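Shared chain: chain A. Partners: chain B in the first complex, chain C in the second.
Our next item is the complex of A and B:
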């Protein structure tokens, strides 16, 4: 399964018709499309004008055909009805990014007495495609209270997850974590809707190995989003923040030229990023060095023997700033890596990360406690408040049941160190959200603190470097998937929902020892880039199993702690 | 790291030697689940299909100690039990893959000849074991010197690596490349619902239909939409006809009299009340269209003269001069029967501007929507210019796409000639002449391409000028130059961007020509007639541009647009250098 290919196939559908045209979008679809296409790609399909449907100041251009790619909402339909009443363009093709209710179609048809619309299509792209195996719904505030959905966000999640499955042409068996009411509600509503969508499901190809959607709850592994990651994409998100595949460097002390403040990081448009987004920091430095050297070689060659003879061509080259693309890309990554390095040193992340890993992986209370106290009170390393709170969170979760637990003492140290009380609250909220009684205790060896690799599948091993003390921890997800792929997840902890349509279509679904083929993993409460990375490694090695992963959002430590803090 | 099956490794210990003589099998049962088996071949396949952990990586991540433990586990749990059942089974288990393939001989010997005995029997006696239904007649026989059929693998097949037939395609593969399962039916076709799982190779697995299809699912609603629209339009048309009839009657009442100028609005209203249902005033508290409350903020009730219903005056109904209404109604190309052709229209504005008709939003849309729409189909010239630029550019680009590949091929030929002339110092005269001819043709081609590039470049530069000019104006929050709209500016930017990247992509290909132009010519010497012509053309274009920019500079000076001046000056300098370069190349031939 390759989400980028899916996304591109949709873009192709939207812009495929010949002719000079205008593309109308809305807030939601413009960010969706920017993740899978570029302006120049759209230009190649003769899209000369891109605008928002809601912009009232658009010119009337009767010579242009119009293609619309829109989300399905009351607001969009109202705007469309208005547009069709007073059309600005020659004709309209309407593409929606999810299921269109019949009532909407009727309203549009009613208004189209000028017969301007010559195509209406439902595409199923109601989600953000971040990597070829990572998607996000970009939702925060999904909670009403602990383990209960905010109703509005729930409906959005439901719709987006449905569109994801439809886009992949899958009618999956749904598995979910039994200790989560949020997962269970999502799973059962989704299963019901799938059962009702037989008109669509009929059109999907049938596979001998049925696809599976696994719905997980973030609370069952609070450790992974709390650890400092050391691979490129994860680090950029952790330390600088990635939104819509864009990094905003506004306010960083480095002197950056204006065109390097907002950086697009899209693996399908940036070859260097594509080959290094999963590299650890050490390998990354080597990789950028090679990249710079290659560039130097290229430019030297150009200047010495190829360009000199052609004055006219040189003239062309100089007149177009776009030729600087390559050097721009180098400065972009140089800038990012420099900034990462600055942040690492500023926050003493080597020391912090070492302790994090030790807490997460070893069972060594006294040593960890000592080191924690040292870091919290250190005069030598000035560690930022949020990092201190994070360390105490890790400690609190790890040693919650330890007879010698010193959490109250740690909390009072935080207070002494001048950490604001509301920030300190995060620790207790974290325990309420994700303490030992809240987590799924499916079996002892798959505890979230385990480091052992024994029953992991091939492909996961590549994700961890045993000799790298900063990357020892293994996300719980790996153990879950290792069982899931072999179809050995216990139904007691991971109930199975088979929707009505599937039951009819496939009365017996005996896997007879076959491994699962297509798997969609969804994290209620947010996924991490680290988890996306291990999925990528898994996919590279296992040719017969393909996994895509996503969540209500993609977390870094800060966004995760904020989410927990905001829980009532 | 490559996964190796634990079972396949046991014989390496040298403790158990495979002795295959399957005929001795009596009644067997699976050592693991105790299911009854007809013969060894069947047990073999059963073990393979049901109990083999179909997992290349299972043992991969296990450290050396654990691996040993596992082997022990297998020996005690499986092998020992098997030994106690039947002396032969142990060897089967240990060399499963080998015997599996040897099973080809044994089973097919008895089964393929006419497939009567064991296979049919097993089907009857134990319906759960359908595996024997899948034919093995297509299995390739091992020749003792076999290699994995997978192109990328090709490893030698032996006890250690495994010798396994893919149940679907029948070729021989190593263990690692047959850890897959696929559902096939008796004709060996992939059958996702009706088939049964069999072991297969990676190629058969990944070639399953739809396996690599990542086209997003889409649902075409166009038909549904059209039907809905048709239904709606049908009923609309009927309503429209009624309204149009009424409107004609009203026009007739006003205009079909001797002195139409005497008619006033209250007469018209009285007439309308006779022909339509006039909604009673006290029926409503709110405007039925916008729900605003009547009586507050001067919201008064008004009657639409076409439908007779009550509307507010705040956007839901409008008083329209009768003559304007009639003009609009008559002139539309969509109304076939024109009302009252003979009536003189030239005095309408003078005579009738006092009489008007109040029409509500709904009725206006019903009767005039189409008419107004066709009338408004005007186009601004700015956009037409941009669109024709796009079309022109597309033609040029097409031309380059036609010319460039051939040119690149020729260049390759040139390189081979070059290397040939470098190695063999003496070439036959004939060939030399040919080469010269070829070179000449190449130069001609190059200039053809260059001239198209120049045209594109010219367009791009022109656009850049306009864009920069307007961007400056935008940043000063002034209206755009030459009546350009924001949308038009956006389109101009798009075209420019497209041209720039086109030049970037394709000009670099021309760079490979470097020495060509200078080889036959220093200065004008050696320029062909065609080259001279091309240069002259280019020169003319440049001089034209030069003139244009000069006049723009004058203009900007007059209007004190100093920001533009800077850009224009730069542009002028560029053009002047280029003119100089070309003039120098042309030398005496310049004009």
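Our next item is the complex of A and C:
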């Protein structure tokens, strides 16, 4: 269940044919393929021209074969029909990234008078692969209203999730959170679709223990996306924003050379990043320090006349091309970390985060209230508006049912501090979206206000960083997984759907007590990088279990608050 | 996991009646939609224009005119040529490696023959690299030559081809240099004069020695110094040492040469792991580039038009000027004869009038 490998195997399939060729993509597939392959890799397979189907100004090159990797939509099929009517290349091989309806194939076949098409294949890659166990569908406006799908986005999510399961060769049992209508709709429709796809699924390997797809709703844990994370990947996303595994540093005050403005952060192409993306800020600083020292050691030796040492020399000669790469890589990460550090100090994140953690974890209303008031009105720390609103959101969720709740007072303080009214609205919307009555009330133990201490769950063998006051909160997901793996999630709160085909294929026996192996977790309303980190840790510790996680999008605090604010 | 739908597609295709054609695509027109038909016709004709032009290849090669050439095949030729050369180099390198290994083993056999072979192979490989490099560089000049004919797509293909070949060549040259340096190292290691040499090395303080050839350069200098030394001091006339030093010198020279090629290629390859290696980034940039190049083309056209206009104007003014001068000269001569009469002023005015008539002539000729 390594998504990166899955993606790369698909790319290989597309480009393996020998000979110089053109690759045609569309808006959707170009970003999908960019995450798993690179320009130089494609060049290596003699793909010398890459273009978009949407580009109408393509010239005719009758000498070249064309390979298309396209998404399945009305728009692309129309364009493709046009293309086949007036072909620009020698031949066409069509690869679609999801199931193609037969009607689309008929339309293409009708127009293909010149028999230009040699091959039609369905590859199931209708999702973005961010890490080896994190995927995203890049959807932001999935809501029609609170707990109701936007129909169009729903269909996209359904199709993407289907392609994900197909690409991993799984016909999963579906479980979902009972309090969410969005989850249940997605689960039942998906289950129906799976029941209809026996032709594809009959080729899948049959495991003793069937894989599970768990569909969760973001509203059941609004805390995690609100807290400031302190691990590398999460921090970059929180403070700078990662889009499609790239970071754009335009507009930062530090004067960076032009080639360091737009950065690629892809763990499969960047060993240092792969090593340190889950490290916390302290460890990260150490890690980059040793990295720089290593580099220094290597180059300084070659700068001086220490070159006389033949072994050194030999090593240097072998690794010379790596040197430029290495120095580029170092300056990239140095630039990023410096920028992170600047943002932390600028926004007084040490202070803010301490309070956040205290609100999220401790049940100490009066102290938290005092501290909150102090930070909101503080002259010493000028805190940005969105951070203030976020703190009040946390307070509102945490102490919603506290008898001494002072939320109105906090809201009026926000107004006094000059925070625009529409931003303050976020707090009320947040309660409407995810207040205590909206959240799944399974048992007290699974509360979202979890502390790391006395939280050594089975399955998470490594102890949490209890001593780190900035990382005390543990996302709710961790508890859910530890139960799920042992198949102990209560069916009352997490109903089970077994599709018709799976029922036919084998009698689903009583699975109680069996340890699950393959799990797909999907967050309706967006996942966070922190949750992906938890899954990564879990996979490291439990070799027998393989989990991938994803969501309609990957949130940071700002995108989450915007999503909530835009809810009607 | 994937699903092949080709058979289904083909069966669909069979069920539809196609007026599939006799010889060319013209018969494939969709008669149900007149608009479409004419669109297609236009495009078909355009395509024909391109194909037809390929028949004039010979004429173009004879230098009669720069015709539309089907470029991709031409570049494909270069590409396959270079790939062939690279494959050859790779074979040679493996053979060389085998020879080195054989030489590394201690033995009593005379290695002179092998040494000669090694020499020769080194020469072949180095010159092949040189050839490949020249060919890659040549792509640019071909591009320049056909500047007017090349479409943006063709340019892109060329660039990509170049990048790919450069990267491949770099990889191979890396391998070769590694091999050579290992061998030099071996030759040096059993140098009984090593400690002495160490001092010599220290004296060369090359401050910017952070590059691949520095070691080989040093080895070269060292060997040549040693050779000179030996020539001066008649006492040590050990042929074996001399031969080995020569060998080192030669190999090191090869490495230095290839390193230069490597560095030149460095500018051509994509920096891996940077934004330049992103597929979507490149796609966006191509669109921007194309737009920009279009704008520049238009600008260029304007400039060209303007410059021809300018030339015309210049020509006309020159003509008028010379005519005016001629006209002015004439009356002066007459001045001498009819000094007191007021006639000349009348003479000049009619003389100036015909000037524009004459001026018009060159324009019509143009």
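Operating definition for what follows: the second predicted complex is superposed on the first by the 530 of 568 C-alpha atoms of A that agree within 3 Å, B and C clash if a C-alpha of one lies under 4 Å from a C-alpha of the other, contacts with A are read in each partner's own complex, and residues count from 1 in each chain.
We take it that a residue touches a chain if its C-beta (ideal position, glycine included) is under 8 Å from a C-beta of that chain, and two chains touch if they have at least 3 such contacts.
Here the structure is a predicted model, which is why all the values come from computation and not from measurement.
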Partner chain(s) touched by A:515 [first = chain B, second = chain C, both, neither]: first
Which of chain B and chain C A:109 touches, first, second, both or neither: both
Which superposed partner A:505 touches (first chain B, second chain C, both, neither): first
Contacts of A:343 with chain B and chain C, given as first, second, both or neither: neither
Touched partner set for A:543, first chain B, second chain C, both or neither: first
Touching partner for A:402 - first (chain B), second (chain C), both, neither: neither
Touched partner set for A:269, first chain B, second chain C, both or neither: second
Which superposed partner A:5 touches (first chain B, second chain C, both, neither): first
First (chain B), second (chain C), both or neither touched by A:208: first
Touching both chain C and chain B, counted on chain A across the two superposed complexes: 10, 13, 20, 39-40, 43-44, 46-51, 57-63, 85, 87, 100, 105-106, 108-110, 112-115, 117-124, 166-169, 200, 203-204, 305, 307-308, 310, 313, 316-317, 320, 325
Residue numbers on chain A that touch chain C, as the complex places them: 10, 13, 20, 25, 30-31, 33-34, 37-40, 42-44, 46-52, 55, 57-64, 85-87, 99-100, 102, 105-106, 108-115, 117-124, 166-169, 200, 203-204, 244, 246, 259, 262-264, 266, 269-270, 299, 302-303, 305, 307-308, 310, 313-314, 316-318, 320-321, 324-325, 328-329
Touch list for chain C against partner chain A, complex: 1-6, 8-10, 12-13, 15-16, 18-21, 25, 28, 30, 36, 39-40, 43-44, 46-47, 50-51, 70, 72-73, 76, 79, 151-154, 156-157, 160-161, 163-164, 167, 170, 174, 177-178, 181-182, 185, 188-189, 198, 201-202, 204-207, 209-212, 214-215, 218, 266, 269-283, 286-287, 290
Touching residues on chain B, where the partner in the complex is chain A: 1, 3, 49-57, 60-62, 66, 179-183, 190-193, 195-197, 202, 205-206, 208-210, 213-222, 224-225, 228-229, 231-233, 236, 365, 369-370, 373, 376-380, 383-384, 387, 390, 450, 453, 457, 460-461, 485-488, 490-491, 494-495, 497-498, 500-501, 503-504, 507, 510-515, 517-518, 574, 577-578, 581
Complex contact set, residues of chain A against chain B: 1-2, 5-7, 9-10, 13, 20, 39-40, 43-44, 46-51, 57-63, 85, 87, 100, 105-106, 108-110, 112-115, 117-125, 166-169, 200, 203-209, 305-313, 315-317, 319-320, 322-323, 325, 453-454, 456-461, 486, 505-506, 511-515, 541-544
